[in-house]
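Reading through the structure tokens given below for one structure.
To keep things simple, chains are lettered A, B, C, D, E, F and G as they appear, and every chain counts its residues starting from 1.
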Amino acid sequence: MAELNIKPLADRVLIEPVAAETTTASGIYIPDTAKEKPQKGVVVAVGPGTNENPITVAVGDTVLYGKYSGTELKLEGTDYLIMRESDILAIV
Amino acid sequence: MAELNIKPLADRVLIEPVAAETTTASGIYIPDTAKEKPQKGVVVAVGPGTNENPITVAVGDTVLYGKYSGTELKLEGTDYLIMRESDILAIV
Amino acid sequence: MAELNIKPLADRVLIEPVAAETTTASGIYIPDTAKEKPQKGVVVAVGPGTNENPITVAVGDTVLYGKYSGTELKLEGTDYLIMRESDILAIV
Amino acid sequence: MAELNIKPLADRVLIEPVAAETTTASGIYIPDTAKEKPQKGVVVAVGPGTNENPITVAVGDTVLYGKYSGTELKLEGTDYLIMRESDILAIV
Amino acid sequence: MAELNIKPLADRVLIEPVAAETTTASGIYIPDTAKEKPQKGVVVAVGPGTNENPITVAVGDTVLYGKYSGTELKLEGTDYLIMRESDILAIV
Amino acid sequence: MAELNIKPLADRVLIEPVAAETTTASGIYIPDTAKEKPQKGVVVAVGPGTNENPITVAVGDTVLYGKYSGTELKLEGTDYLIMRESDILAIV
Amino acid sequence: MAELNIKPLADRVLIEPVAAETTTASGIYIPDTAKEKPQKGVVVAVGPGTNENPITVAVGDTVLYGKYSGTELKLEGTDYLIMRESDILAIV
């Protein structure tokens, strides 16, 4: 993963989504039920945080986030999501 | 219950739901009426909390929470719910 | 009333509703008009409170609360309501 | 007016409504127009107030309040309204 | 204008509306267009204010306020409006 | 422009709109597209501001504001708008 | 790019949009999917910021922002957008 030329503002985090079908080393996968399911991704850039919302995730963390969280963008040919850290549910 | 490789963010709590039909040692069960009923589960992981919302439940606590609270996820083959601690009604 | 094995979280209060038809020693009853009427119950457990919302009712207090306040739950065969203290109107 | 066995919580106030047709010594009556009109009543009990909302009316004050303010309840055979002090417009 | 026996609560202000057709010494009148137009009135009583909303108008000030602001009431045979000071646009 | 006999309250600002067709020395005009366009006007009176919203524009500033901002009023035969300073986008 | 005669208020930022078809040196382009996509632009003027919302972007920064953010305006023949800094997602 090359160094990306992007600096998220405030408490925003840039995430590279991991395909939902993939099963990771920690064996997490998304259950097939009616409720909204979290998505998984890797943090690739973080904003500086704010006094109210300091950033607690780090680049490289694998995180879970809501299915409809964030805004899509493409950098150097790869799809990313940018969202507020409060949209992230957990580090896995 | 094996150690789970998940760290909820902020004031989020990971809960393993207990089947609604089960009657526990403390004899709690969910009444069959029209109002929304609380669900029961065991806390399996807690976030670090925030200044505004410190975490007051502990891993191992059996808790009641609203029927529609939280987001489902599956870890190591087990279904969990992740929710904010403020969605938890009581420790039982 | 046996000791209940439940600890409400934050500013929540567990209440055992008193049947609306009963007239208590203080002679309170609910008028039969079109407006939403308060319900009466006895506080059986209180949360620790929060800095913003300290608990001011005590176990044993008879309280009035809005008709649609709280969440039903059954403990040891008895129906209770769990609600935030701010949903309680008065001690009677 | 006998001593009432009720303690409003927080910034709530118990009011005994005065019939809208009555003209008091101060000569106030409610105009007959299209806009929502205030109602009049006498304060019979006040809560302890909160830091944010201290109580500024006293038992015995005649007050004006919005037509749809408060919750009805009956104590010792009399109809009352319980409302937050912020629903009271003025002392008359 | 006789002394009125009314004390507005908090940041409320009692206003005696001035008929919209009247042109005052300062020559203000309300334009006849589609937008909501301000109304004019004289302050006849003010509340004590609150920490957050101190009162900055004085009895006798002629003020402009939004068309739908306030609650009507009649005192000693005269129609008044009671509103929060934040509903007042300007002193004219 | 004669001295106007009006004192806006709090963080309100009185603005004399400039006709949209006029092109000023700074060459600003409003583009003809589907989005809501800002309007231009000159500040003729400002309120004292509040602790939370101090006033940063001055009488004489030409400002841009949203098309639907403010309340119309007419003073000495001229149409004005009164709005909160937060409705002003920029000084031009 | 000539010096522009405009001072955004508070935490507002003036942005000159970059045409979506253009691919910049950093290779960013907007993916063609169903989700709302961010737009790109160059900051040409910034407000003084507020205590709550200090300005962290600088004139000359290329930024991404939501498709429906901001208000259009034209200065010296060029189309710009003015928006709050909180509408900006990232510097690229």
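Keep in mind that, in the parts below, a contact is a pair of C-beta atoms (placed from the backbone, for glycine too) under 8 Å apart; a residue touches a chain by one contact, two chains touch by 3 or more.
Predicted, not measured: the structure shown is a model, and the values here were computed from it.
Listed here as common contacts of subunit D and subunit E: no chain. Annotation: 53 Å between the Cα-based centres of subunit C and subunit G. Multi-chain contact residues of subunit D (touching two or more other chains) are absent.
Starting at subunit B and stepping first to subunit C, the chains sit round the ring in this order: B, C, D, E, F, G, A. Against subunit E, the residues of subunit F that register as touching in their complex are 5-10, 12, 14, 45, 47-48, 71-77, 79, 82. Touching subunit F in their complex are the following residues of subunit E: 26-31, 33, 35-38, 56-57, 63-64, 66, 85-86, 88-92.
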